[in-house]
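In the part that follows, the structures are each spelled out as structure tokens.
What follows is chain A paired twice: with chain B in the first complex and chain C in the second.
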Partner chain A sequence: MKVLVCIKQVPDMESRFKLNAAGNWYDTADLAWRMNEYDEFAVEQAVLLKEKAPDTELVALSIGPERVKEAMKKALAMGIDRGVHVQDEASFEKDPYQIASVIAEYARNENFDLILTGMQSQDRGSAQVGILVGEMLGLPAVSTVVGFALDGQVVTAKRELEGGLKAVVKVGLPALFTCQLGLNTPRYPTLPNIMKAKKKELTAIPVATLLKDEALAVTEKVSYPEKRGSGLVLEGEIGELTTKLVALLKEKTSVFK
Partner chain B sequence: MKALLVGETRDGKLLASTYETLAFAREIGAEPVMFLVGSDSALPHFDGRLHLADAARYGEYNPGVHKALLLDVIARENPQLIVFSHSSYGWDLAPRLSVALKAAQVSEVVSVVDGALVVPACNAKLRRQVRASSALTVVTLQAGAFGLAAEPTGTPTVEQVESAAAEKIEFLGYEATEKGAVDLSRAEVIVSAGRGIGKPENMAMIKDLAAALHGEFGASRPVVDAGWVEHNRQVGSTGQTVAPKLYLACGISGAIQHLAGMKKSEFVVAINTDKEAPIGEVADVLVVADVKQLVPALIAKIKAL
Partner chain C sequence: MATLLVDKRDQMFILKEMLDIDALCRFPKYASHTGYPMVLTEAHKFANVELHPATAEGDRQGCTYDPKTRAVTFPDCFKGPYRKLLDGGWLAMCDSPEVGGDGFPLTVGTAVSEVFYAGCFYLYGAAELTHAAAKVIETYGSDEQKRIYMKRLFAGEWQGTMCLTEPQAGSDVGAVQTVARPNADGSYNIVGTKIFITAGEHDLTDNFVHMVLARIEGDPAGTRGLSLFIVPKFTPDAAGNPGARNDVYCTGIEHKMGLHGLVTCTMAFGDSNGCTGYLLGERGKGMPEMFHMMNEQRLLVGVEGLSFSSNAFLHAVDYTQNRFQGGSVYPDRDRNAPVAIINHPDVKRMLLTMKAYVEGGRALAYFTSYCIDQAGVTEGEESGRWHGLVELLTPIVKAYNTDKSWEITALAIQCAGGYGYCSDYPFERLARDCKVTTLFEGTNGIQAIDLMFRKLLGNKLVNFRTLTGKMDRTIAEAGRIESLAGYAATVRRAKEELEATVEGLAALAGSEQGLDLYAKTAPFLDLMGDVTLAWLHLWQLTIAEPKLMEAVGAKGKGEREAILAKNKNAAFYYGKVMAGQFYIGTLLKNSFGKFERLRAEENPVIDMFEKSFVA
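And then the complex of A and B:
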């Protein structure tokens, strides 16, 4: 079996974001980068499959500038066999349709039995790319998966819905799934596996060879959200803060009555 | 301009979020036409055309068939916009139309500015203004971003729609997550823990604070996913929706999915080291401090009252 896992490198979401000079995305200077959290669940799911069926081939793909190799190395250290780096300095300017079409163009003749992606990225959060890739390739695609069991060529998956409800679905391979948080417990790479990952194959492909589509939407500008709440902000020393907070709770709520 | 609104049915009931698509159409001045896989017994209230596919026949999750039904309606209605909720149904189905129609999709719209769509980015720390270049645009709306000012009224003109399309994904049924005996929706005080508590051992102080305030404790999704708290105490769109008199958010950054579950609380106190955290948008009081220092001090203070 041959599995493709699509991963994205994103900034740490605890960062203070500054805007770039063009005003159409965040400034990438001074940010700490990591693998998109949702994609870690996709990588883990692929590695779990290989543990059961060692002849499975796991390929990870990432689009972006040189730094995305760091996220790729983590995937390789977690157990992915080889990486494909689609080199693109301007991936942040591409819309989900273009990103998906680049992935689909790569995957079209590779005959993957299974494609796994995160259900969304933490920075753009469009939740589109996985399903778009499935549709472009004519594969059945199931989003927001929190349960995944492969039996022969059939997957029984659980989709997470709202309000504590799940939908159970069955689909034959080849197919695509987008992974939701909680699907499994992504492993931490061990030191020996980090060393081994350095020797794994990492192929580079310039994005121009895979990009066939124009953008359907463009980011005009990025801004900070307007401060809505007229909430009170308390800052200072701990003792002082607790005194003020208790006084406010007495005044504004009935919890001490 | 005409907008095709896609309503939602779950377990035979019309979802209230369907009316958020109607509110969006009104806000941008578009003529609303609706598509729903549902039933005659749970119709939405509005005056306009409703293209109804029978849920008993087409199922509530059959994306290939629902796509085919929608494409047929789109060909007949020729809308400029197709509007979904940004929900497990909407974000699953919308991209399928985007590919079939080569139409831009813009996800999780929170507002419209000069004809451009505004969406959140980076855990709501940024806003992105997006303009589609395709003639037809598919949008999904952030839960709660648009709402009707009054109770919906009216009666739609129903047109039944059918499809013979085949489905590759077999829906086997719904499964409820174990809720257990914990019903946070009735709690008057909830002390909730987020990733900012740092480690599972610190749940003890959250539980102590909840006890000191005679309330319940809850948690955000990352804390539940990490296994620090049972799922039956998760607050948010995939957990419980709560409306206590006091909601104390400890180390919760305020992802939209969490806010959706607690923003109806009467009084919200957030304790967070990050002054810019999105939880500040719904908090009545934001205490800029480390939970691990403030919570024990607060417990001591309350016990001394």
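And then the complex of A and C:
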């Protein structure tokens, strides 16, 4: 079996974000980077499959500048066999459709049985890329997966729905799945595997050779959330406080309606 | 990830910009280790996510002893992280691939150890002892002993311990009374009691391998008559699996000021006359063999001290940034609006003092490990010089960094005021826990005696001169940078006073006042630590100052602060420069008074009569 795992490098979400000069994305200077958290679940799922079926080939793909190799090396250290780095200094300007088309273009003739992506990226959060790749390749795509069991050529996947509901779907391979938090517990790369990762193949492909489509959407402007008024502190005796609180809730919220 | 354990940026500064580990990785021995930054990143993540959450609970819950079963239980929350630590392959990261290691430079290993100790001193402390036992067997064990014990210890599957101390044999190891009587099959029957045995019994590993110093019956008194024995808890069978229960039991555990999460045991060997031990290495060579383990442990204890200081410092910065009290005294700020107390000069003074000792102590510990790495890739006299520096600096790394940890954790408590004294914050735990590092593996008093008599005078100052030669080169280089010339001159003065002091001590050694030396050992170690840190700070300034100039130039306060607020890297270099300048320009001034103290001719310490301390 041949598995493709799509990973994205994103800033550590505890970073202090600043806007870039053009005002259309965040400034990438001074940031600490990591693998998109959702993608770690995808990598772990792939490695779990290989542990059960050692002849499985695991390929990780990432699009972006030179620094994304760090996230790829982590995936290799977790157990992915080889990496494909699609070199793109301006990946942040591409919309989900273009990113998906680059991945689809790469995957089209590679005969992957299974494609795993994160449910969304932590920085853009569009949650579109995985599903679009499935569509472009004509594969069934299952989103927000929190359970995954492969039996022969059929996957039984559990999807997370709104309101705590879960749905169980059965899908024949080849297929694409987007992975949600809680699917598994991503492993720490062991030191010996970090060492081995350095010897694994990491192929570079310039994005121009895979990019065929124009963007459908352009990010015009990003901005900080509007500052909200400060909280309200009520003071007084308990009885008095309760009266004030109930009055406020009636006036400003729909709690008692 | 926001981390309050160890400042990774400062670690990378020392590894990459100061010590140039990338150049070390050009030696064939380390050629495959260029990816060390990723290793450090993963170590931080592991320490923050897995190790650190176990610490506060480990302290609160502590270890328990059941006198009926003579079993020790570690806090429940330790099992998961301990397993993951072993699975990660971290224990043997600097060891040879032949024993299952990854062969990393020790400098990188030291950086990882600092992070892990800061994460959970209890768990990593236990694991590191196992590693030390594995190293002794690697060096002195027979092929059979290596086959049975070594790999399991390197992998952390079994716990290793160091059993030296007895009730009457503490710093005076030669007074050991544990006896070994030869059995017909070549093994020995061991009888005796050992105290203060860290991790001597617990429920995290299936077996224990005690390294026991004992005297074979009839061998001479003192350290020369001591031999080293392997005493397993369960004697391994032919396949190496734990077999019959050996007659070694934990008979009690200590109740301590701190270190609640790492058990300290009293171990009884042969209470029923059935304890079997196996000679490790040569008969009568137990002390030098044990010291192989001890030297590594002494450097690591220095790193333990450093990790407490680092942890306390980062928490103090975090606390003082978030505690708002009083208005600013700075004229350009609003006096009436409460500010975070990190803005008050007295709090800044405490924080900058902590920063200077943490970053100086880190440079000291990493540099000493770097000397070990250099000794391993060079040959002949050059290798000997690096090795000599390790010998000289080991007691300073151990004693100076641990003495400072007690001072720095106290300063951190002070920064947090009354909250610093309460267990809602980690400060009081860090202070309680760090104190033991001044006592572990030879008290700091013993370290000072080792430095004065063995490492300095016993070496006829050869290694000392290698060190001052290195200082001279840094001073000359710093002197060429205009803005650092004044600091270079101060460090030169301190170094020259140190040289004069050492010459004076050497002269004293052969004179009628030779006894005075014994009263000067600890003050001398403290002073040598001060001057060594001054050199290391000056070295760091020669790197940080030009980089800061590149970023901010000679701009005024307002413009400079605007740049520092935006540019994290520039802010880092500014902090390095401030810490270095504060250390050399302010803290080091205390040392000149200490020199005077060491030169004092009268010596009431030696003259004091033991009956005159109290009426």
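Methods note: the second predicted complex is superposed on the first by the 229 of 257 C-alpha atoms of A that agree within 3 Å, B and C clash if a C-alpha of one lies under 4 Å from a C-alpha of the other, contacts with A are read in each partner's own complex, and residues count from 1 in each chain.
Note that contacts are C-beta pairs under 8 Å (C-beta built on N, C-alpha and C of every residue); 3 or more make two chains touch, one makes a residue touch a chain.
Just so it is clear, the structure is predicted and the values come from calculations on it, not from any experiment.
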Partner chain(s) touched by A:K198 [first = chain B, second = chain C, both, neither]: second
Chain A residues touched by each partner, larger count belonging to chain B or chain C: B
Partner chain(s) touched by A:E14 [first = chain B, second = chain C, both, neither]: both
First, second, both or neither for A:T144, with chain B first and chain C second: first
Contacts of A:E70 with chain B and chain C, given as first, second, both or neither: second
First (chain B), second (chain C), both or neither touched by A:L216: first
Which of chain B and chain C A:L48 touches, first, second, both or neither: neither
Contact residues common to both interfaces of chain A (with chain B and with chain C): 14
Touch list for chain A against partner chain C, complex: 12, 14, 18, 29-30, 32, 70, 73-74, 77, 188-195, 197-198
Parts of chain C lying in touch with chain A, wherever the complex brings them together: 1-2, 32, 34-35, 38-39, 42, 45-46, 50, 84, 87-90, 93, 102, 566-569
Residues of chain B touching chain A in the complex: 10-11, 61, 63-64, 86-89, 91-92, 94-96, 98-100, 102-108, 116, 119-134, 137, 168-177, 179, 188-189, 213-215, 221-222, 224-225, 231, 237-241, 245-246, 253, 266-269, 274-276, 278, 280-289, 293-294, 297-298, 300-302, 305
Chain A residues touching chain B - in the complex, by the definition given at the top: 11, 13-14, 16-17, 26, 95-97, 120, 122-128, 131-132, 135-136, 140-144, 156, 158-172, 175, 181-182, 214-225, 227-229, 231-235, 238-239, 241-243, 245-246, 248-249, 252-256
